[in-house]
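Pasting a structure below so you can have a look.
Chain lettering (A, B and C) follows the sequence in which the chains are written, and residue indices restart at 1 in each chain.
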Amino acid sequence: MLTAIKERTNVELPFQTTSVFQPETILAVKNLEIFYGEKRAVNGISLDIEKNTVTALIGPSGCGKSTFLRSINRMNDLIPGAKAIGEIIYEDLNILSEDINVVALRKEIGMVFQKPNPFPKSIYENITHGLKFAGIKKKSKLDEIVEESLRKAALWDEVKDRLHKSALSLSGGQQQRLCIARTIAMKPTVILLDEPSSALDPISNAKVEDLIVDLKKEYSIIIVTHNMQQASRISDKTAFFLSGDLIEYDSTETIFTNPSVKKTEEYISGRFG
Amino acid sequence: MNSKAADRIATGVFVAIAITIVTILAGLFFYIFVNGFKHISLEFLTSPSSNVRAGGGIRDQLFNSFYILFITMLITVPIGIGGGVYMAEYAKPGKVTDLIRTCIEVLSSLPSIVIGMFGLLIFVNTTGWGYTILGGALALTIFNLPTMVRTTEDAIRAVPRDLKEASLALGVTHWHTIKTIILPAAFPSVLTGAILAAGRVFGEAAALLFTAGLSTPRLDYTNWNPFSEQSPLNIFRPAETLAVHIWSVNTQGLIPDVNEVASGSSAVLVLSVLIFNLLARWIGSLIHKRATATK
Amino acid sequence: MEKLLPAKDRLLKSKRSRLDGEFRGKLIVILCAVIMISATIAITIFLGTKGMQSFTKNGISIIEFLTSTNWNPTDKASPMYGVLPFIFGSFAVTFLAALIAAPLGIGGAIFMTEIAPSWGRKILQPIVELLVGIPSVVYGFIGLTVLVPFIRENVGGLGFSLLSGMIVLAVMILPTITTIATDAMSSLPNHLREGSYALGATRWQTIRKVLVPAAMPSLLTAIILGMARAFGEALAVQMVIGNVRNLPSSILDASATLTTIITLNMGHTTYGSVENNTLWSMGLILLIMSFAFILLIRYLSSRRKLR
């Protein structure tokens, strides 16, 4: 059964590689394998991520979707023994290459984490932390970007009177939107979201989801989620992962209504996972 | 029934041991403070010591203790924090890291008299400085460095990982993240550890006997020129600290009021160390409260 | 921000990006680590060569140095350099101190973890920490003014004795042993206790047959660390032990240790003289012993990991 699936994905490879250089593509992943020491967590996947879309990565825990996500801005570099082979092409460069300036890359490919992780500083400083390092020192410019990114993150009205209060005084949902705001402040091209609302209550979750849909006008968004409804609500394309393999990658509508692989259907309908 | 009796006897023995430990400490403190406070007066604290006559004070020794401590911390804290940052953030598992760990272990288990001998060999004889405050401070640095490195490393490892990831994900370098996110978050624990280490340094004597010496030149406290012979701030002068003073009056025993001077000095010394301990706890809890109060 | 630049210029490593703060920062902390390595190596090499001088330069036989009981460096005609009495003294006070402190320390640890885990720890823990804070000269001074006269009047001898030395050291190493033993006992998994109690064992049987054997390597480490501290302690012992150059025949006899002889004589021997050089050789013995203690502790911790 599984071998059949593998064969299937392998067969599809040529089609996907041919689509790499279409204008819509922002990231082209080719034969990506990721290892933790000896253990292989991602088994040679290939897919194209489109510009200004929300791409959802779904699959059961340990299927490799988060590992894949973390390789896109090289966060896996932090894990001792983690190694990625293959290519992720971004603006004609393989970002897995040794020559990539990881720090510069992460400015363009931002990331928001599962648990809200604001710095134990003021709301204002949370946003200016990355900007100041990037060389923006002028107060007026900083003020401007802080307001702009908080507005985009739909947080401005809630916090504009207490910008200099600790970010830890915000609610969980506000903290997560602050984390999104500080990522936006860096003016990235791609935003990676690793289960951004799994730690939030339903109302905060709804706000974050609205925000994500709103953001795709300007950014390309890749989101890992465990929540099927969330994936179907907000994403345009969905990729289903299982045990390190990319089982199926298609428009969200197709994946949720008419998947071509049986495993996908079983997972979507909640039969395992 | 027999095992029940044995159990009861054993419990009794353990309670007795606990009482013994409490009694030892209570006895020590009682003795130190009851005997010592009799001899502490403003005059005792502010008059210079005497080599032969009774009635000497501990003014210079007290100043020397704090000054050597200050110079020691000035050297130890940056190096210790740097070493701790290296161990927690940059060291990759392997031979070099193992070597550094072994070095820390060796340095921390060296008897202080051995460190004093090394100080004598290098900072006194090889450099030709003679007995100096700087030599003493450098010897104490060797004594203190392992503690500082470990404290910093532990403090950094206790900082939540996701703060570091958040900063790196914004395109900030590792070093800038350490400076602006990790070290500030680790600061309360580092400070607490540094103050506790300061208490230990303050009471240390064996490493100073042969490095800072057993005498103090006549000091002129109005002279603030650190290069002047008589200035208390001169780091190239010999300096007897309070802990060394307690030892030297007892072993040399030239003054008639050895017991009074030593009792008073001991009380001041223990009180200072106690204050360092309480200060460390107080600051630690204060900063902890401030960091979490806004939640 | 700088999106107008081509991707190559933005994203590839360049000379500029390599010269940013990251490189400088890493250099600073590596330097700190190097300082520690070089301090350790310098101590070993300098004290090693200096300590060997009495054998290499002054021609004292190592065997005689280590095995002779005759210490008479000031004899003009035939100076003798046997340090066995001091080596013996060092080991004697260390073992005797551990003999008192180990049961007390481990007993205190068991009291804190098994007998009264809630309030016992709250009281004993700060007390142990305060004991650590008392400087060693203060221990020595109290030993000199309280313990020595007490032994002289109530037990016998001069009061300056191995007995005084071992009691002072026992109190000094008590907190070390108690702290580590407490950590060892409290890190034992709870199922050990539950399993034993479920079989109907009493608390004492559980402690003696299950908990102490399980924690044994760590408890031994605690004792060894305490002994390492005792072996290297100088001033407190020097103030109470009497500092004579003969082998003691009872614990009420005055004695001397390596550290006390170094402490006493380093100041008033001429640097470079034969007698002075023998003091450095004694220092080298201390250094070697301190390495030996580390090796012993490593051996114990490797045994602990094997379990």
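A few notes on this one:
Methods note: a contact is a pair of C-beta atoms (placed from the backbone, for glycine too) under 8 Å apart; a residue touches a chain by one contact, two chains touch by 3 or more.
Since the model is a prediction, treat every value here as computed from it, not as a measurement.
When every chain is reduced to the mean of its C-alpha atoms, the one closest to the centre of the whole protein set is B. Across the two interfaces under comparison, A-B and B-C, the one joined by more C-beta contacts turns out to be B-C.
When every chain is reduced to the mean of its CA atoms, the largest separation from chain A belongs to C. Rounded to a whole number, the gap between the C-alpha centres of chain A and chain C is 54 angstrom. If each chain is reduced to the centroid of its CA atoms, chain A and chain B end up 49 Å from each other. Chain B and chain C have Cα centroids separated by 17 Å.
In chain C, the residues that touch at least two other chains are 22. The set of chain A residues touching two or more other chains comprises 103-105, 107-108, 134, 186. Contacts with at least two other chains are made by residues 173, 176 of chain B. Those residues of chain B lying in contact with chain A across their complex are 92-93, 160, 162-173, 176, 180-181, 184-185, 291-292, 294-295.
Residue ranges on chain C touching chain A, taken from their complex, read 1, 3, 7-8, 10-14, 17, 22. On chain A, the positions that touch chain C within their shared complex are 90-93, 95, 99-101, 103-105, 107-108, 134, 186-187, 189. Contact residues of chain C toward chain B in the complex are 20-22, 24-26, 28-33, 35-37, 39-43, 46-47, 50, 103-104, 107-108, 110-112, 114-116, 120, 123-124, 127-131, 133-138, 140-142, 144-146, 171, 174, 178, 202-205, 207-208, 225, 228, 231-235, 238-239, 259, 262-264, 266-267, 271, 280, 283, 286-287, 290-291, 293-294. Residues 3-4, 6-7, 9-11, 13-15, 17-18, 20-22, 24-25, 28-29, 31-32, 78-83, 85-87, 89-91, 99-100, 102-107, 109-115, 117-118, 120-122, 125, 142, 145-146, 149, 173-176, 178-179, 199-200, 202-206, 209-210, 214, 243-244, 246-247, 250-251, 259, 262-263, 266, 269-270, 273-274, 276-277 of chain B are the ones touching chain C in the complex.
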